[in-house]
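Per-chain residue numbering starts at 1, and chain names A, B, C, D and E are given in the order in which the chains are listed.
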Amino acid sequence: MGAVLLRGTAFALVWWVLAEGRADSWGVGVVSVAAALAASLYLAPPGAGRLSPTGLLGFAGFFLAQSFKGGVQVAVRAFRPAMDLAPALVDVPVALPDGLPRVLLVNTLNLLPGTVSVRLAGDRLRLHVLDARLPIAEEVRQAEARIACLWRTGP
Amino acid sequence: MNAAARLAVVLLALGLGGALVAAVLELPAPHPVLPEAVAAHMAVSGVEHPVTAVLLNFRGYDTLLEVAVLLLALLGMLAAGPGEGVAPAALPAGPVLQTLARLAVPLMILMAGYLLWAGAHRPGGAFQAGAVLAGAAVLLHLAGLLPAWASPGLLLRLGLAGGLLVFLAVAAALLGQGALLRYPADHAGTLILLIEASLTISLGLILAGLFLVLAARRARP
Amino acid sequence: MPVEDRPMTGLEGPLALFLLLNLLAALVRAARGPTAADRMLAALLFGTTGVGVLLLLAHAGDGVSMPLVDTALVLALLAAIAGVAFARRGWHKTEEGHDDPA
Amino acid sequence: MSPSLALDILLALALLWSAWRTLATPDLTRAVVMFIVFGLLMALAWARLSAPDIALAEAAIGAGLTGALLLDALGAWKRQAGEDKP
Amino acid sequence: MTTLPDWISAGLLLAGAGFYLAGTLGLLRFPDVYARLHALTKADNLGLGLLVLGLALQAENLAAALKILLVWPLVLAASAAVSFAIARRAHELGIEPAGQEGKRP
């Protein structure tokens, strides 16, 4: 029930943004939001876990700061006349539970400094890193900790 | 191809191109009448966006026939048969892709609804909304969440033809007015929305079908 | 004439031009390859950069052209599909012979 | 030259060039990539021509359908070619 | 360009364009498909983020600003997932990263 309400509100908010707040849009809007909600509930049935607002804020802050750092890091290497790369494939263990948390980790690492996920098999994640001299394992652990805080109880 | 044949093809292409250029130059200067005529009749069109007014009101029969053409294209593909072998189950995909599809498809549905609504007073409309819906179906198929279509069931057939049927039904009901698709001015907006909504779903299914039917035919037993 | 219709003011016009130049430079990667994925990356770059150009064009005239923002949104929503289709359907080992190394 | 004029000229040239490359390249992967690129450039051109209706349709069809359809067909063809000559 | 938000907006737009340039340079200069994915997913997405932020500052109302901002997470989600799909496929096809020949973990 909570998930239905939460998603419904989220979709209604997106509709309000899309229609730029025009009040006469809600006739079509209600139908569209209902269709999106139905599709969402069918495609991704709500799990047991509840999102934690503080965890969400913490993750958003971490994500913004890190993706800025990631962009700067790539930009510095791309602009430097002699590119200083030490690319390598690295395997790291994943402690997060299966499902959404792991998927989020894979996607987050794609946007964070220095790492692109290559393969997720069992409890090991294979990463391609631009510079193997950087503390990759430490950054992965940080991202994992932030993602673990997102849910009040594990999904 | 030998040199003579190649030269002949080049000459033919040049001749055709020259004829086209000549034809364009021969055209009378564009009539300033049409935009003014559209603007003058906007009040009775039932919508506020001139492109939608032209597509669904002033020249509604053009759009009617275009939808019929698209439907015929898909029917042609279906008539060619499902190919050998059985309909393939959805290909298994990794969790990352599936999560993207689960997240993005509801938003695409919302976007399609928005484009449908927007069509009444600004760029948007059934065709664009249908294309977004079709994109959602293709993404679901690529993520392994939607099987390819070997042969559509009754419900799907109804969905594919529904847009055209509603369009035709409205046109037939309005024949009493003396002309095809001349909407009564005070109901024009509602009727156009009804037609556009059913067209959105049908066009989405037809365009998705172009991908999903081919995918089924290509799969090997 | 459309050029007169939508004069570009401020930074948006020059920046849209700059991004378009970026796009065209990226086509060198599409030409060089060497693998099919390298070519495809140029098309994916067209997705992110194209969204940027559309947003800049939306702001380039007097006021904001919201339909172009809608176009950017549609492009952003559907940009994944070509890339996914490539990775899932379009790329096979057999083609390595077709790709001449740079 | 104003930036808007430069943008329009560049866009027109890029359209012609990408159309030419799509048709003339012997490598099918490149042809498909250039076709996707052509579609995106076309959407930008419609936007510049004050035709957002068509820009919207081109973006939706070009990004969501034709690219996927061509890549799918290309993959199937390559797979078949690979099976035919072991 | 008189008020402070205008200056901030201009600064963000210029910075965004700089990251776009970095992404293109990376795509052209980096040695293999994996490294090029780094350029595409990080530099270009940051460029778009800054651009979107700069343009949202100029929006007329809250809903319009949010609509422009909405573009960013959509592109982020798409490019993260597509980047993984391509990197995974490249790995499946046995493409080795540059500087790493023959020493897969």
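The definition used in the following text is that contacts are C-beta pairs under 8 Å (C-beta built on N, C-alpha and C of every residue); 3 or more make two chains touch, one makes a residue touch a chain.
Only a predicted model underlies this, so the values are computations on that prediction, with no experimental measurement involved.
Peer 1: Could you tell me the least number of steps, going only between chains that touch, from subunit A to subunit E?
Peer 2: Each step joins two touching chains, and the minimum needed here is 1.
Peer 1: Figure out the least number of contact steps between subunit B and subunit C, where 1 means they touch directly.
Peer 2: 1
Peer 1: Give me the chains shared as neighbours by subunit B and subunit E.
Peer 2: Of all the chains present, those in contact with both subunit B and subunit E are A, C.
Peer 1: In terms of Cα-based centroids, which chain occupies the most central position?
Peer 2: That would be chain C.
Peer 1: Tell me which of B-D and A-B has more C-beta pairs in contact.
Peer 2: Ranking B-D and A-B by C-beta contacts puts A-B first.
Peer 1: On a C-alpha centroid basis, what's the spacing between subunit A and subunit B, in Å?
Peer 2: 34
Peer 1: How many angstrom lie between the CA centroids of subunit A and subunit C, rounded to a whole number?
Peer 2: 24
Peer 1: Quick one: report the Å distance separating subunit C from subunit E, using the average Cα coordinate of each chain.
Peer 2: Averaging C-alpha atoms per chain gives centres 12 Å apart.
Peer 1: Can you give the whole-Å distance between the Cα centres of subunit C and subunit D?
Peer 2: 10
Peer 1: Which residues belonging to subunit D are in contact with no fewer than two other chains?
Peer 2: Counting only residues that touch two or more other chains, subunit D contributes 52-53, 55-56, 60, 63-65, 68, 72, 76.
Peer 1: Name the residues of subunit E that each touch 2 or more other chains.
Peer 2: In subunit E, 23, 37, 45, 47, 64, 67, 70, 74, 77-79, 81, 84-85, 88, 90 touch at least two other chains.
Peer 1: Can you pull out the residues of subunit B that are in contact with at least two other chains?
Peer 2: Each of 94, 96-97, 99-100, 103-104, 107, 111, 114-115, 118, 123-124, 128, 132, 135, 138, 142 in subunit B touches at least two other chains.
Peer 1: Give the list of subunit B residues in touch with subunit C in this complex.
Peer 2: 91, 93, 97, 100, 104, 107-108, 111, 114-115, 118, 122-124, 128, 132, 135, 138-139, 142-143
Peer 1: Which residues of subunit D touch subunit B in their complex?
Peer 2: 52-53, 55-57, 60-61, 63-65, 68-69, 72-73, 76
Peer 1: Note which residues of subunit B are touching subunit D in the complex, please.
Peer 2: 51, 115, 123-125, 127-128, 131-132, 134-135, 138, 142, 207, 210-211, 214-215, 218
Peer 1: What residues on subunit B touch subunit A, complex-wise?
Peer 2: Of all residues in subunit B, those touching subunit A are 94-96, 99, 101-103, 105-107, 109-114, 116-118, 145, 193.
Peer 1: Using the touch rule from the top, collect the residues of subunit C that touch subunit B in their complex.
Peer 2: Residue list for subunit C touching subunit B: 66-67, 70, 73-74, 77-78, 80-81, 84-85, 88-89.
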